[in-house]
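These are the structures, in structure tokens.
One chain, chain A, links the two complexes that follow: it is found with chain B in the first and with chain C in the second.
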Partner chain A sequence: MPDKQVAKEQSMILQKNMLARLFKELSTAKGTGKKVVYTFVPGNLSELILAFDMLPVYPEINALQSGMRKKSRDFIRDAEKAGHSEDVCTYVKCDIGMMLNGNIGPTGEKLPDPDLLLLSYTGCFTFMKWFENLERLYPGVQVAMLHTPYQEGGKITPEMVQYMVKQLKEEVIPKMEKVSGKKFDQTKLAEILENSRKSQDLITQIFDSTKNKPSPIDAYFAGVYYIGPINVGFRGTVEAVEYYQELYNEVQNRVEKGLGPVTPEGEIEEERFRLVVEGPPNWTHFREFWSLFYNMGAVIVASSYTKVGGVYDWGFRHNPQKPLESLAEYCMNCYTNLNLTQRIDLLEKCIKDYQADGFLINSIKSCNSFSAGQLFMMRILEDKLGIPVGFIESDLVDPRYFSYSNIKNRLDSFFQMLDQRKIIQKQQEIAT
Partner chain B sequence: MKKYYLGVDLGSTTSKAVIINEQDEIIGRGITNTRANYEVAAEIARLESIYNARFSLLKRKIEQEKDFESLYKKYIEYIEDAFQYLQFKTRLDMLHVQLQKTAKQAFAGEIQKKITDYIDTIVKNISPLIRQEFLDGDLGAKSQFFRDIVSEKYHEEVAEFDKDYFEPLMVTFDKSITPVENELVKHNFKELVHQAMGLLNEKYADMPDSTPGNKSFHFDAELNLLKGNYKKVSESLREHIDQIAELDIHISNMTGTGYGRALLPFPEDCIKSEILCHAFGAHALFPNTRTVLDIGGQDTKAIQVDKYGLVTSFHMNDRCAAGCGRYLGYIADELSISLNELGPLALEAQKEVNICSTCTVFAGAELRELLNLGEKREDILAGLHKAIVMRALSLLARSGGVHNEFTFTGGVARNQAALKYLTEMIRQNYGNDLTINMHPDSIFMGSLGAAMFARRNIEVDLPQA
Partner chain C sequence: MNSLDEIIQYSKQAAFDLNFASAKKWRSEDPSRILLGFLPVYFPREIAHAANGLAVGIMGAGDRLQIIKGDAYYQSYICHMPRGVIEMALNGNLDEFDGFIFPSICDVIRNLSGMFQLLGKGKFVKYLDFPQNFSSHIGGEFYHNELHQVIDQMHKINGIKIRPEQLNKAIQLYNKNRNLIVQICDLKQEFPWRITTEDFYYILRTGLFIPVEQHNQILEDTFRFLQEDIGEPMDNIKVVVSGAFCEQPPIGLIKTIEMAGCYIVDDDFMLGSRWMEENVEENTDDPLKALVEAYLNKSTFSSTIYDVDNPKGKRLVQQVKKRNADGIIFAAPSFCDPALLDRPTLQKACDEAGIRHINFQYHENIGQFKVIKEQVGAFSDSIKLWEEPVAEVRNLSEKNTNI
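Moving on, here comes the complex of A and B:
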């Protein structure tokens, strides 16, 4: 997923090769007989898919890639022509539009049809409707559904874990055995989970590097590249561990040299603002969107979006000793499955740990599961921490909802607001 | 030398300029609705604010001298009206030339002759009317903008002519008004102010010694004071006026804000976001302000500020301009009345008709539908004003609610009906104890804030809480 122009560090080359291999395998899957599982990023059961030696396809990732490659507008148009209304999640429409246009993936190779639709996260109701639509597009495809209970009470109870483990044992694993033609191998799964744990340790340390001043990385705009391998099916592979080790070394190297983040236009020379961002980025104008920040010397020191594929901040790791239980806990711990108080707590921790100057929300027009409650969260954080807050709106992959001038206008005000706050703080420091 | 600071707010509908002194007091205001070219608009507003500053400095000077009576202040206002008329007249003459030029380019033969004759007649007819309105202070609540005043009069005249010439006359006007409006005219203040005094002398010389019973003058009281006195007054003021005219109003620093700010030929650190400027301006006039609502031409801003007048959070309308000034402008066009008449008309309502549409364009259709159903114009207007306020309230809620004190700014704040409904609904939702502020200078709030940032040289010396 890395962009060639961003910078050519070793980790990026590694990631590029990993993805190229995956898409190659996918394009030849029908010949090699490998089975293909379509599934979603939040609460993904990558390790289980790997244990059955199957290949994953992530429709959301394809949609965001289409957005970045400027193809989403036409895909969305075609999905709308096929009867999907303007208000429907634009990932869904982009994905359906891509399928209607031959299902050509981001590398230009055709994606294989699914052998299994694995719905492992249900906190986003749209996911369910999405696969319902895909089931119609691929008649006869196998479907497995794992119901993930919402953390409404703010914690995972043993009953919730048992409920999910039961489903894994009785519904998901038998379905995967049937589709793959292979027997479930718990030892193999445990080995894979051990790799997951290693990757998770490393990525947590990488994102924790923003404690440094200047921060060596941008945890949002570059962060979305860093989460690539862990989110698209490589979590649990040796390759992923190698990738994150390499990335970790690179980041450490930047810390030692006191360097700031790398952007498409080179290094940020002066870190002027440190921000925590809530909400996914816009993909259709990703570069322009990013430039609005780096041109102002604004660095994102933490973002909730990079936690959609797993929240590791509070210590969760996959556990080879308790494989199914930890898969269950992982699913329930994904960011959009946290209740609002938990999300606020997590953001508060980020703001404090990474010494942010401001908190910004990018609210996504077509994603209710992310956007609902965001203003409430913003108010609480503002009141509790006295941190300056900002709110902008855009969309995931529908270019019609990205207004550069509107966003720039708001960000200009936001950054000037932060500047003023710094002046006042300085004056107060002098006074005392 | 005294120092002055300029703030320019290039809004979506109007451009404003404010000059302040070292005490943050407004001493000059300028406003224009020219918007084809932001650089020209800024310059027009700036020049106007400097002219206006000279008049207000003159008034201050007079106030300090005990020998002068209060009527002198009134007299200075009359001079300023006459001064504005002369500026207007210059532009009207330019428009006359431009209309003729356009007509000659667009038409030929008999029709050209007819149109050019009509144009001469129109200008001949409307000139004295406009002169009278300015000199008698009759413009009142009406728009002071050149385009609005001229087009209203022009339309009235055209309606009197042969219907066959309606279309060509309107086309000629539409093609001529913009270039004239966008042309920068620089006046010599001293010359023009002397001319203005001459005009007033003429006016008072013509004034009867007693007011006829059947005729009402807007300045009866002043007339009595001035009658027979005007010569003495004007002579004794001349020296002061000349001094002020020659005064170097030195602008030490300036700041630009508003949508067009990026286009201003100012250095980068002299450009500020309009959110910050509106908040800072509102807070300067009402230092206890914690929430600001600004309803401008194309956007509505809900801003929360701290004790320093600095913004802590804000919310703006995205994607849709319903609920902004332009919405009212559109409705005024639909009803063929002037924007300034909307509020007063809505205040005459017996009830508020429920307006469902959240879209400006659809609201136009809904308006016609409701008229067809027999609803009264003022009742529909009341409903429309209420609808705008409801949108503003939603924005306020999203920005964090309303905190004491609440200050209402922007062009729409001058609309009495909008103010009425806003006050009602704010009280309903946030309590009766809340202080609601509205200043006559509400439209200048952004430029005031900008001027204040200019005085503080943007970074140093922020206000004391």
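Moving on, here comes the complex of A and C:
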């Protein structure tokens, strides 16, 4: 791995500017009169928020940023002092701790209080408890709840869509009209959805680029940056389309040149292992965590985490002709809203399509939605595909649950297993 | 049965039969009968009854089964209850069940439904998505459809089409069941020394394993025996236990609380048995709708229900006042996000209402209760010894503030 300063690509600069503008707008929202909506990434209704000219705040993004900025330990401690159990989701505790400490955002400026809590209750039961807690921390705030049915039968039924559309029409949109003081404009929403569709096409192609050998991107560690704009309020904007077009061009350029992924320490020069990863990353030691992979030449060619804000692999795109129905279908299609069979099918597809050498689970202590059932899923994939599997454990933003040496030991064994398998496969090829 | 003791002895066995022998025997007596297993918290058992079925509660294995296979399915930071359920499923304890219902209460139970699907257990597995929208024409319609799916699955198995009169009859039986439970709870509040919570727990839990008609008879007998002036009052405080609506506490824990000087005058153990705070409407033309409306409008409070319009902290305080309890014990299972994430809010509501409380966590198979006994004992003593002076100090402080 060459030790060199990595030049920022144009897409990185674009994203940085987009986020800086959003946080600037948030910091001045009370002055400008822009209304602020707190909501979640999975099943986010970015297009509706944009249609009402409101600004989004994502508590779980605040939490992950606090984790990356090494602030989460103290925030979690403060939430635990306020009565929260050590056992529960650390995103919630980190967010509550951040609020107890003045709700200072990543730019060092205070985030505005919410005008609306938009609970898009998708794929995670804890979201509901989280917003019940927030509602009590902001007494009197307007709350809109959108209950997303779980895909228990592995499909979306007309009744499920109807239930969500009714909620949108009769609960969510009227609440947004009331808070924003603006009438709902379906034409405007359709235009925004058209942009969403374009961004979704582009991001699908970007993640599909890992079919190449070497893969031009890391679909997990770099992937979490790629999903930023589409997940945090920009989906549906022209800016997002431009960002994804730029990123797509950069990735294509790498493919043409036969280059591997860019890491914080430069390009991976030799792709030794191609992996599919299930589960969110650890944020408190993100770079160390990543280095455990790139130092070994391991590239993540697909990850389930990058699908929490929407699964586009099976062809879903927002549909401007059926705006509310398509918002409903989007919510129901988020990764953690899929049943275990669908999740296994999707992971299997990734392993096959992207020719992975191994499958790894990073099981997160805080996230039952992801974690409960993962051991069983792993066993099924191992049996079905005969692929080497690995299992590590960490947490989202609680540094107490990140043990570098434990994870390294397990990964070392996993990589040795992959190496061994490659040797055996080569020997078999020679023999035949 | 001829005595309270006889009822308790019977229930002690029946409530923890992890092979579900009596339910399986019931099913074997008629080929058109079906057996459904449901996970906590609530399932409208009436619909199973009307389809010639029996809905049996699968409350976990508690401390009655050594978990060997189950631990291989779950990481250490996931609650204990699903391990016992998987263990039972893999051991064949649930083999004769026709279907399984997984109510939407948390992500762990949700994903357990997927594991049952993958294991191919039963003729159907249904994750019952309870609505979090409580408008009749929105959440109500959705829930109606969810229940219909269960009814359709049962119909596929035994070909029985539910008629309104059958469902109305089932509603009456379960209304009676709930009313008897409430009557006993009321009586127990007034005369808590007449039956321990441990013994009542056996009786209540038995109702999840046997036909409702049989359980109603047991409850009627129990109520009759409890009319007698039995037992000796003790110098105990009265407490409400909150947080145990899904993974059940081991019997040793209930005993410990009682032995440490508390009468448990209300709790949320097997909350599904008394989920409805009022009767479901009987004798309607559309009894399924009556069940739907009851869920939307008559449900008790629980960590599994979105409560912004009717906060559960307020409702818990009302419950404590109604039961004339001296305090609350928050006892929640380890790693239970719904219960534990509610706890600070509920505690705040208690603080604001001047209700004393303590909290601890457990899991269904803990075997060490010494620390809990000391904690509960100190709580009980503090209330017994200091309640009046504290109240006086509070009054004095309020007077000073007013000055």
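In this text, the second predicted complex is superposed on the first by the 424 of 432 C-alpha atoms of A that agree within 3 Å, B and C clash if a C-alpha of one lies under 4 Å from a C-alpha of the other, contacts with A are read in each partner's own complex, and residues count from 1 in each chain.
The rule is simple: a residue touches a chain if its C-beta (ideal position, glycine included) is under 8 Å from a C-beta of that chain, and two chains touch if they have at least 3 such contacts.
Values in this document were obtained by computation on a predicted structure and should not be read as measured data.
Using the touch definition from the top, say if A:V238 reaches chain B (first), chain C (second), both or neither.
Neither partner.
Could you say whether A:H147 touches chain B, chain C, both of them, or neither, answering first, second, both or neither?
second
Touching A:A20 in the superposition: chain B (first), chain C (second), both, neither?
The answer is neither, since A:A20 touches no partner chain.
When the two structures are laid over each other on chain A, which of chain B and chain C touches more residues of chain A?
It is C that touches the greater number of chain A residues.
Which partner does A:E393 reach: the first (chain B), the second (chain C), both, or neither?
In the superposition, A:E393 touches chain B and chain C alike.
Of the two partner chains, chain B (first) and chain C (second), which one does A:Q416 touch, if any: first, second, both, or neither?
Touch status of A:Q416: first partner only.
Would you sort A:M128 into first (chain B), second (chain C), both or neither based on which partner it touches?
The answer is second: A:M128 touches chain C but not chain B.
Overlap of the chain B and chain C footprints on chain A, residue-wise?
Common interface on chain A, chain B vs chain C: 375, 393.
Please output the residues of chain C touching chain A within their complex, sorted ascending.
So the residues of chain C in touch with chain A come to 72-75, 77-78, 82, 104-108, 110-115, 117-118, 126-127, 129, 131-133, 135, 137-139, 141-142, 145, 303, 306-308, 311, 332, 334-338, 340-345, 347-348, 361.
Taking the complex as given, what residues does chain A use to touch chain C?
Listed in rising order, the residues are 82-85, 87-89, 92, 119, 121, 124-126, 128-133, 135-136, 143, 145, 147, 149-150, 152, 159-160, 162-163, 166-167, 170-171, 339-341, 344, 363, 365, 368-369, 371-376, 380, 393.
Going by the contact rule at the top, pick out the chain B residues touching chain A in the complex.
It is residues 259, 272-276, 308, 310-316, 318-319, 398, 400, 459, 462 of chain B that touch chain A.
For the complex, which residues does chain A have touching chain B?
Within the complex, chain A contacts chain B at residues 375, 378-379, 382, 388-391, 393, 401, 403, 406, 409-410, 412-413, 416-417, 420-421, 423-424, 427.
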